[in-house]
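In what comes next, subunit A is part of two complexes: it sits with subunit B in the first one and with subunit C in the second one.
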Partner chain A sequence: MITLDDSVKLSDYKVLRNPAIHDQSIMKILTGKADFAADHFAGHKYFGAIKCSTIAHGEVVSVDASEAMKLPGVKAVITADDCPVWNKTITWYGQDVAGVVADNWYTAIRALPLIKVTYKEAAASVDPDYAIQEGAPLTGILPNSNIGTAGVCFRDAKTDKRSTSAANNVFDPSTFNECDVIKEYTFGWTTTYPHNELEAHQTTAWWVGDDVYYYTGCQDITSNKSTVANALGMALNKVHAVTHFNCGGFGGKTSDILAPQACIMSKKVGGYPVLCKNSRQMNVLNRGHNFPTRSRIKFGVKKDGNNYKFHACDAEFWSDGGVNSFSPVGNVFFGLQKTYIIPNISLVAYRIQTNTPTRGYWRCVNDPCGAMNYDSAIDKLAYDLGVDPYDLRLNNLGNQSLPDQDVPTMYWGSFPIKEELELAAQKSGYKTKHKMAPKSQTVDDIYHNGDKRWYGIAITGHEDSHGSSSGSGRGGIVKAQTDGTFLVTTASARGCSGGTTVCTNVVAETLGAKPEDVKLGEWGNTDVGLNAGIQAGSSHTISISSAFYNAAIEMRYKIFQVALTKAPFKGVATSVDDLYAEDSVVYLKKDKSVSATFKSLNWGNNIAASGQGWTVGAAGTVDEVGRRNGGAWRSVGNYIKPGQAVYTYGSAAAATEVAVDEETGQVEILHIWNVVDTGTTMFKNGALKEIGCGAEAFHNQAFFYNTVYDPNTGAVISTNYTEAMFPTYMDMKTENHDLIDYESFDAGGPFGCHGIAEPCVTNYSSVLCAIYNAIGVWVDPQMAQMSADRVLKALGKA
Partner chain B sequence: MSEKKTTVSRREFLKDAGLVVGGATIGSAAILSACGGKTETKTVTTTATKTVTTTAGGSTTTEYVCPVDSQKFSSLADLQNHYAAAHAGKSMDNIVSFKVDGRSYTLGVEPWWPLVYVLRDVLGYFSIKVGCDMGNCGTCAILVNGTPMFSCLMLASEADGLEITTAEGLCNGAELSPVQKKFYEYDATQCGYCTPGLLIAATALIAENSRPTADDVRKAFSGHLCFCNNMTKQVACMVGGV
Partner chain C sequence: MKDFAHVNATSFDEAAALLAKDNAAVIAGGTDIIYSMKGMNTPNLPDTLVNIKTIADADYIKEEGGFIKIGALAKLTAIAKSSVVKSKATALAEAAELVASPELRNMGTIGGNICQKPRCIYYRNEFNNFPCARKVKGGTCYAITGVHRYHSIFGGVGGCMAVCPSDTAVALVALKAKIVTTKKTWEAADFFKVPNKEFGTARGEQINALDLDEIVKEIQVPVTSAKSTYKKWAFRKAIDFPQVSVAVVKDGNSAEIALGGVYNEPKAFSGVNCADPAKAGDECLAKATGMNTPRADGQADRYSNTYKIQIAKVMVKRAIGSL
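Showing the complex of A and B:
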């Protein structure tokens, strides 16, 4: 276990583990005043609706809007000729082909079917297994194939060679010949779900002269602004984008959220405000869904006393990327590769292109389906070997006392997976409850409550690719108020998870201000923020809070300069280095009796400071003011020194107890223990909340979510929340969730707080493994949930 | 019809809250806005249009706003003349009267307009959200005579004579209601999109059952969805009441 350097005294920090919400956004939400993209211009705007393609592959030959334009209330129709972000080449059912502007929403959607679109249809591949067959129609995404290599990892222990290049496979397959046992497992397609937040994609745009303005529900305002500027051929300073609140972005709102369309629609009607939005059905048809994944994982193990050691692993992962050409699935094997010592590895991830809608990140995390596969494969392997899966995991964990060796200069600031697994076992009573033989215990055996269902328990866990991330693109501003308080501002959606609380706390800690003296300013307005920003939550907590750290450092420098010119410091202190601040009071270092409150310094109204986030994974330096531009935050043992390149990722373990009714197939989750590495948190409640959200999300993925495609057209059939199997409150006994934050050290971010988001992805697997432990059959989720009918099917009863 | 450019200024754009005006109204009302202490006076006319009177800095400005094209006029007569000339074929036969958060409205609605559309996009009650438009998600929940309803499943023409409460109307003056306070204490919000609907459901629950169990809360929230999956805190904050 990496431990803190002796020189680091976390007790010195005032805001660490602060449970208090410090975020005016919460009050806006609770009083109904939180403004999302569509919450503007009542009675003072037009409405834009999108017509979706009704073929999966082909070309738009013509669009006839004449009948639509005759409908009273219709103001304009736009096509690909008006909208550069649209393409006349159709690659999925539901793609944007035209838009209507009308004086009310219902007229707009009534006009859509009056637009006559003529297509030249081409053969499509909508099923991923079909798409990779020889002779399958090309989807039109890649030039000559429907398969793209998304990511690789090769290791050869004998030569100590490592490679993450597809062209340099250093893996030696003969290493399997050295193994005592070889097992291979395949998994069918994992579930998927419509990556569509409650707030459908929507933007309200209008023009003032040659400038366009818009409210939009986007996590990444700056890149969205660039998209609009490029689409409209405008200078960036003529485009003004704002996202105040944004419904559960989770990666689904990082790109196209109808902003160019809304701007073009508004321009078409003389600049009048236009709310361009998707209905629920449109949103499901034409926006993101997550990546279903299937895999083949071959393990070779060597006997190690009463246990086994991994020796070789050859695995392939396939993910259905729809029309996406990017690869968030490129690291689906991340946890397998990082959590365990596997000397010889060949891990390859493929992205299959199909004529189905775009794919998005799964609530920020890029590999939950892959994690489900490899976490479950390890349990399968353990049962086949006759050892407790928990023991097999512990016996093969990476060396916790050493930095990661996989990629040059890639050091780990936290890696407490062993402690997390042990804590999950301790809290759940795993060793008492777990039996190797299925159907060996009923719930009654455990709880003596007359319940004869079969009982099962499992613990899974892994290092997750979610954690600290590169943040040089993020910006933050701190402005001093005349009353001695401060406002923080950024071009970032307020979003979720207490990100704004974290940022204000970072500023308070760095400045030496009282937390209540740091408040939110014009959050979400690119016009007043730096030309950068993304939603301040989850993974990006560090990257954006590092921007505020730097802004606060500059602010501290500036107010100390003011202090040097005023009593009681004038003539007593000669340098800003002679001063420090605490609880909104400036002190002379050598004599604490010499002090002045921030307010008494009367610094006026012209002090502002800005900071840019630093890049983890690169060596850093500190400038003359004290701002950092990268590298480790503090030293860690003998391995990491301040300024040295460092990455930090999160990790998590989950224990799940289930009761399975063999007659009905019903599975009840009796209890969940989620242990998540949170770093050293700034905002305790926010971290716990995020753990809870992740825990629920991935149990929902196990039992509920499912996107259903028409096998012939590729159209999403499950276009509403009921059909898409979104769980309700009736489906979750949340009081049986134990949320445990495991505090570790984060070398990459300010105050040791790192983004956690949803490494609870391991819950998906822990459910599957607990069901196996109960009834002795694997309910592999092949394009469906582990629902009662699938449990019965696995038992041979349906 | 030639389109008129917007009169929204850059200054208005940068304001934290968007521009919100009243809807097509008949009658009159004076309103004290909730949870902000801000005094806003609305004077309304007897035509199917809307006027907004704002009091700021001791001076009063009245705008007469066309509900169809939002053009503003300095007098009622000018507005009436404009309406007769520009929108001669525009009539609204369905006239309904209802109260929202204590304010009285009488307005013309198209027979197919859902109540959520009128409340949000005509009257500006933007705390009511639209997640599905088909009764799946609960983000548009309101209290109708004290009963929680999904406003996307009600026609505006059905709202005649009803008293409607939105999440904006739950505050006691500038104070949070007990339900809102519990949501705050438990940090039961996440992105905030589902929160107004849940506040409505929770308020109705507590009115009927002052000491709900977790199962009671789950039932009360069963028509709602939280995409952020913050159910743990949302259920916990209402168990045992306020």
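Showing the complex of A and C:
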């Protein structure tokens, strides 16, 4: 059982939820005042563009840039000989092979076709089903195969053994013999969906002597800086990287988008500033796509009164990693393994390598593709068993009082999935609307000749694997200002304004300052901030708020030390322990009439404090000034008793109502209810907007957008806005979309720490299950969507 | 983006003369041509854009001599809102209303909508990465062995499986409209014949039979007592090109029907008996085959477009049923 610090209550936190928004970055973006890469050296820089390979597999034999160099305005051409992050071995269509620097962007673009690249082409495996066939060409990603086991999870109830090692399979297949019912299901490929496909990724770089400076849009500026330093063989202190915005601030997800290229291009032209940016097609090619996934899932259940209990599960998942051989595909079954109690399991995830662009590192690999498979499998199982899928889910959920099923020493900081499912059911009226028999209800008789649309509803939900990722510690700095206020500074990029509000709230709460006295300082500048790791939503929020908590603890210690030397505390108080602060006023604990405002302490301009934070709470010690610390990623939990290890993941449930036109296959979303565990909602409007964005993204994935690869060349051919097809208001009416932030007091900290956009991807499966509930057949996306053509195919009409 | 010169024309004749002189193309609303210039998706891009927005009084909509006459520069929004078009050429008003989004309809002209280029995902790929038959002499159609989910279900023209993406073209064919250009007056059905013998050149990329120095001046829709409608099926409910569209002009139990999104040209069916709407749908789609080719490794065709056959049948049935 998780043990919270008994003294901690949400009501204890005065600053928590303070609506003061200190981060003006959103307004800067909206009003055009933010400084993006293109704003640097306006009118005084060159432009860089990248030429991509037009083969999927092979070698670059030669690059002839002579014609390109003749084009007026072209300043330089770079190749793999100049750019160490490039490779002459081509493993996917669209890989960088050369770059042009010109005096304007259009000249650079026009020069690209003039660069003549000669290839030695090799056979490629573009399709994942083909890639794993015997005799298929090797992709060149792995030494001797196109397939690797990327993650396993085994459990055996009798021996109480658990294993996440492929070499130690403790699963006993004979446990299926103990089951009352055994069912096996297969699912076809889910869709491929890119991250930030609409954003213009760019970097402006310039040199001053031996130092390189660059501005880029990136979530992980610390790693980005390291990538550039490594590529250029430079010391880290010679590389000066800045990013202020990411995601909505026009930035890249992955760490090294265009930064090394821009720096090398600038060096090639004598250090003159170069803005290197992607075309629309390049954006799609280089984004971190999710993994399309297919699976085989076998369940064994035991009768449990009027319901059933999971007893055994044997499943295999295959995910297409493209050229990415390091992707954490094993997480595709995370929600199945963590959300439900299944005593005996064998879950194996394979990563298939294909000669297509890299996949992974976008959203959480559990979602949407893995969840699409296993969440749907649970509904399939329920219908086959004759029980309501919602009841089957509730009857098999884990709960917070149980340790993690795979790591019994770890507990869950929060585990509100049951409450979320119940809330989704309550809000949607699921129990009165849901009928077990498909085609039992029509929505309306919409056409003149009596054509009908069938009605369906479903609820799915699971723990989300995004939100507590491992990674480097995050650093935060608190700087005292002469006027008694504080600045919070870090090298991390700004994410959403809710995330920065978390940090200012944490510092204000810990210091005893008024919320408005804590403002954002410099963020995303590696020269003035501590190394901050990746900005990644929830994990960022908890880790960097922990960092600021520790920095604020040190700052409080330092300003109290100043207070001890000044009136009215001098000679009255002897230790910082004699003081406390509230609303930017320092008080003597034993006599509140003895006080001084922060401003009146006149502490000068030289007080700064730093802290380090980690993502997941675990055992931690407390140092002499009260900072919590720990050396590993499962480290500090500020609000739990030392020694208690917890997961701080988010979770979500979604209820979806659909109407399906059986004649055309058209699916209309009638209503969606998204219930998302937010930890503590800091900035309600922002949180709901972010949940809405996540839900829309996956509504898009369910019906419209899919990265389409040409099956012959591996080229991305869905590269323009025509094919991007974000849903319009006509497709998903805002008023039919309920967004609900479910608050759970998380042992990892009360300041909000859960991913709140990613878990919405449970929509993907709830839509599929609702379609089944409407028409009684399961739609197989087959690398596209659950769009009309797939519905008609499932119905045997196409 | 390709470099280009920009010339303002003050008359259609002047514009046509400029087209004849240079490697030039017309720009009106600019919602399509700029897209191609930026993406450099074809080697046949013009060096000069001749702006015809500067031609005066070419955006009229009026009823005259038994026709609704529409100037080539009439905006799609204006056509969709025109009371005379809505009442006497309903299919055209409905088609104009369903083009793209309000912003694009406010910019786009009827002339441009019937002169846009194919929307095939291979044709549109930037830098001419896929030098298809439409753009390059001797080129292939990549959709045949590649992704053909959005392509023709009635076979190809000149080896090209792209479809006519224009909403208004379908309505104009069903309405038996005339298209007046700087050279002649076309019947709509002839106007939209794809010039397959010119494939591999700029002219061959067009969705109509216009000469490169020929400009649309006016659309003439005959006024009849027949009722008409246009229905569109796309993956999205707005800002999308039709996967299947149908225009029906119904006079008693006889209908003029045109299908869009299913063939290189609007697929016309004349004198269809529509007493039974479902049968009429079956009749129109009787020769449709779709593209459903199992992959070389024996697996099913993930990119089959046979779904369009079913949807088109239903669309015809429902369009007739709505009149």
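As a working rule, the second predicted complex is superposed on the first by the 718 of 798 C-alpha atoms of A that agree within 3 Å, B and C clash if a C-alpha of one lies under 4 Å from a C-alpha of the other, contacts with A are read in each partner's own complex, and residues count from 1 in each chain.
Basically, a residue touches a chain if its C-beta (ideal position, glycine included) is under 8 Å from a C-beta of that chain, and two chains touch if they have at least 3 such contacts.
All figures in this text were calculated on a predicted structure; none of them were measured in a lab.
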Discussion item. Touch test for A:Ser223: subunit B only (first), subunit C only (second), both, or neither?
Written reply: neither
Item to complete: Determine, under the contact definition given at the top, whether A:Pro113 touches first (subunit B), second (subunit C), both, or neither.
Response: second
Item to complete: May I ask you to decide whether A:Leu792 touches subunit B, subunit C, both, or neither, giving the answer as first, second, both or neither?
Response: second
Worksheet item: A:Ser279 contacts which: subunit B (first), subunit C (second), both, neither?
Response: both
Worksheet item: Does the superposition put A:Phe703 against subunit B (first), subunit C (second), both, or neither?
Response: second
Discussion item. For A:Gln133, using the defined touch cut-off, is the partner it touches subunit B, subunit C, both, or neither? Pick first, second, both or neither.
Written reply: second
Worksheet item: For A:Asp451, is the partner it touches subunit B (first), subunit C (second), both, or none of the two (neither)?
Response: second
Discussion item. Contact-wise, after the overlay, does A:Asn712 reach subunit B, subunit C, both or neither (first, second, both, neither)?
Written reply: second
Practice prompt. Counting touched residues of subunit A, say whether subunit B or subunit C comes out ahead.
Written response: B
Discussion item. In the overlaid three-chain picture, which partner chain does A:Glu663 touch, first (subunit B) or second (subunit C), both, or neither?
Written reply: second
Response to the item:
Dual-contact residues of subunit A (subunit B, subunit C) 106, 279-280, 720, 722, 728-730
Fill in: Contact set on subunit C toward subunit A in their complex
1-3, 35, 39-40, 101, 119, 121-122, 124-130, 142, 145-147, 149, 233, 235-241, 277-278, 295, 297, 299-300, 302-307, 309-311, 314-315, 317-318, 321-322
Worksheet item: Inside the complex, what are the residues of subunit B that reach subunit A?
Response: 2-6, 8-10, 13-14, 16-24, 34-36, 50, 65, 67-68, 70, 110, 112-113, 117, 120-127, 129-134, 136-137, 139, 166-168, 170-171, 176, 180, 183-184, 187, 189-196, 199, 214, 217-219, 221-236, 239
Practice prompt. Enumerate the contact residues on subunit A facing subunit B in the complex.
Written response: 21, 25-36, 38-45, 75, 103-106, 197-200, 206-208, 211, 213, 215, 240, 242, 244-250, 269-273, 279-280, 495-498, 522, 525, 527-528, 685-686, 689, 692-697, 700, 720-722, 726, 728-730, 732-735, 737, 739
Fill in: Residues of subunit A touching subunit C in the complex
54, 106, 109-110, 112-113, 127, 129-130, 133, 279-281, 447-449, 451, 663-666, 703-704, 708, 710-712, 715, 717-720, 722-723, 725, 727-731, 782-784, 787-789, 792-793, 797-798
